[in-house]
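As written, the chains take the letters A, B, C and D, and residue 1 is the first residue of each chain.
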Amino acid sequence: MTDAASSSGQRLHVPIALRWGDLDAFNHVNNTSMLKLLEEARVRAFWGAEHGEEVPTTAVLRPGPAGGQLMLIARQEIEYLAPVPYRRDPLDIQLWFSSFGGSSVEVSYEVFSPAGAEPQTLYARAKSVVVMVDAATGKPTRLTDEMRGAWSPYAGPAVAMGQRR
Amino acid sequence: MTDAASSSGQRLHVPIALRWGDLDAFNHVNNTSMLKLLEEARVRAFWGAEHGEEVPTTAVLRPGPAGGQLMLIARQEIEYLAPVPYRRDPLDIQLWFSSFGGSSVEVSYEVFSPAGAEPQTLYARAKSVVVMVDAATGKPTRLTDEMRGAWSPYAGPAVAMGQRR
Amino acid sequence: MTDAASSSGQRLHVPIALRWGDLDAFNHVNNTSMLKLLEEARVRAFWGAEHGEEVPTTAVLRPGPAGGQLMLIARQEIEYLAPVPYRRDPLDIQLWFSSFGGSSVEVSYEVFSPAGAEPQTLYARAKSVVVMVDAATGKPTRLTDEMRGAWSPYAGPAVAMGQRR
Amino acid sequence: MTDAASSSGQRLHVPIALRWGDLDAFNHVNNTSMLKLLEEARVRAFWGAEHGEEVPTTAVLRPGPAGGQLMLIARQEIEYLAPVPYRRDPLDIQLWFSSFGGSSVEVSYEVFSPAGAEPQTLYARAKSVVVMVDAATGKPTRLTDEMRGAWSPYAGPAVAMGQRR
């Protein structure tokens, strides 16, 4: 992959509500639940509207089994910075494109406590390499001009993951 | 349990967002995911605010491992009326109290497609018997006057479950 | 549905391993996880082998999106009798057919602590109405003679669900 | 963290059964379900027996809310190499210790198709940084000599994660 040529620093903010069922027996959001939240943020950020809903300008995909197109995760990296308690207000999942390849993108994320209550707590940082795949053949398909056009305003450098301990 | 003495017919409407991860390999919301949605509706309907959020008047419990009080499910019954596809807008989960016992309540539910788009589709009907339990001793505890007072405006007859086939 | 004509009382015993992730913040197997365990027991009891594995004689279905056949849950009822802790040994899920309809069956279950350690604890009782559906048309399909033949040795009366409190 | 001083190359083999519910609407094991499988492999590899079960020699922890000790995931990295279909036989999850810190370890994994059927397919590679935490104070606690002694036979170099595309 080549790095994004331009970097506006713009981020998509996707509000995703926790569920009490995301907690595990330690009474914190489970490490795998956090990736479920990222998955839902991607779906809401990238999949087009099917029922006339208002969607972000990045929502240009027609995936799902009937859409002809799959988004496969090739690789994922996540760093948990603080335990996440259950709360009603949706988390503020911020995401952007940290790399564009021929048939894949790298998505960077920062997961924050709910927007509106300052200061926000940064709960996690993550990166996913997402590959576009043709549902019928299982082969990667090239990013279209529509995708690049819709996504490039949200290009930025990859989230910095540090060693914390 | 005795039937609710009065029956206002009022229902709580709890909007609960689907996640794409609720679907199973048949591309519909999985039968167990539907019960996860009901669980989240109960939490949002009955648990008190912890961060100053706006909550319904029925939200009088202080549960969770630290709250001293558990809500245990003793029994559950659910009828699936139509397959539920993924969509962004939250489902309209309607719930009410169909019976009050000494230390338990029966909650009735109807799960509808998102509010606002008429006509709504009825996806499922369900009932749960929920028992209040002391977290330390594991014994049932009696419903308090506060609970009865907060919940009785939403008393009504049990949801009618029919044989569909 | 008509009741099963004959009742041998035979039960299938399906061992299903818990996962620590089935627990919720109360440190017990979550009420919805229990239905996940029943789902897995059905899959292992009814779906045919795809890789030459040894399977029970009841495993005659070819479902899954590619199998042309779906098993839809129309209705489910479950009673939780005791909290289930995490443990390594698989639960002993016992199931049988409590009713045969034209295109559906009712499955009854009792969920026990692991086989081998007597006395076993009965954790839950449940019943599911499962409808066979053609994947292409979405219409119910009739039970075949092969299904009836494979399943009738495991016919028995419906599990008795009692009011516990 | 310092690299493991010695490297025997020994791996723990933890058989973990899939569930059909691990699949998503694309009919493959979901990317987050794979991490659920790794979580269960860790629990079975590291947690001591509570009911006299046979456990590996690495099972020296007493975690869980009552055990006084939590295993928190600080960081996780996973690479998905091939889609995983549902199958009955348990996956062969191989894991070892790729680094020992003062209060943490890095666990490396390779997830293979079921043992016994050669050649095995490598489905995923992953690494987790796991921190031991005191449940009461929430502070990291130092690895004990017992842990180091039990785990060092399974020390080895970190799994090599490559860029696949």
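As a convention for this text, contacts are C-beta pairs under 8 Å (C-beta built on N, C-alpha and C of every residue); 3 or more make two chains touch, one makes a residue touch a chain.
What you see is a predicted model, and the numbers here were worked out from it, not measured in a lab.
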- Higher-contact pair (C-beta pairs counted), B-C versus B-D: B-C
- Between chain B and chain C, what's the gap in Å when you average each chain's C-alpha atoms? 25
- CA centroids of chain B and chain D: separation to the nearest Å works out as 36
- Task: Going through chain B residue by residue, note those that touch at least 2 other chains and give them in order.
- Result: 20-21, 25-27, 30, 32, 36, 39, 64-65, 86
- Query: What topology does the chain contact graph adopt: line, ring, star, complete, or other?
  - Reply: complete
- Query: For chain D, which residues count as touching chain A in their complex?
  - Reply: 1, 25-27, 30-33, 35-36, 39, 64-65, 70, 72-80, 83, 101, 103-104, 129, 131, 135, 140, 161, 164-165
- Item | Interfacial residue positions of chain C with respect to chain A in the complex | 20-21, 23-27, 30, 32, 65, 86
- Query: Any idea which chain C residues touch chain D in the complex?
  - Reply: 17, 19-21, 27, 36, 39-40, 43-44, 49-51, 53, 55, 64-66, 86-89, 117
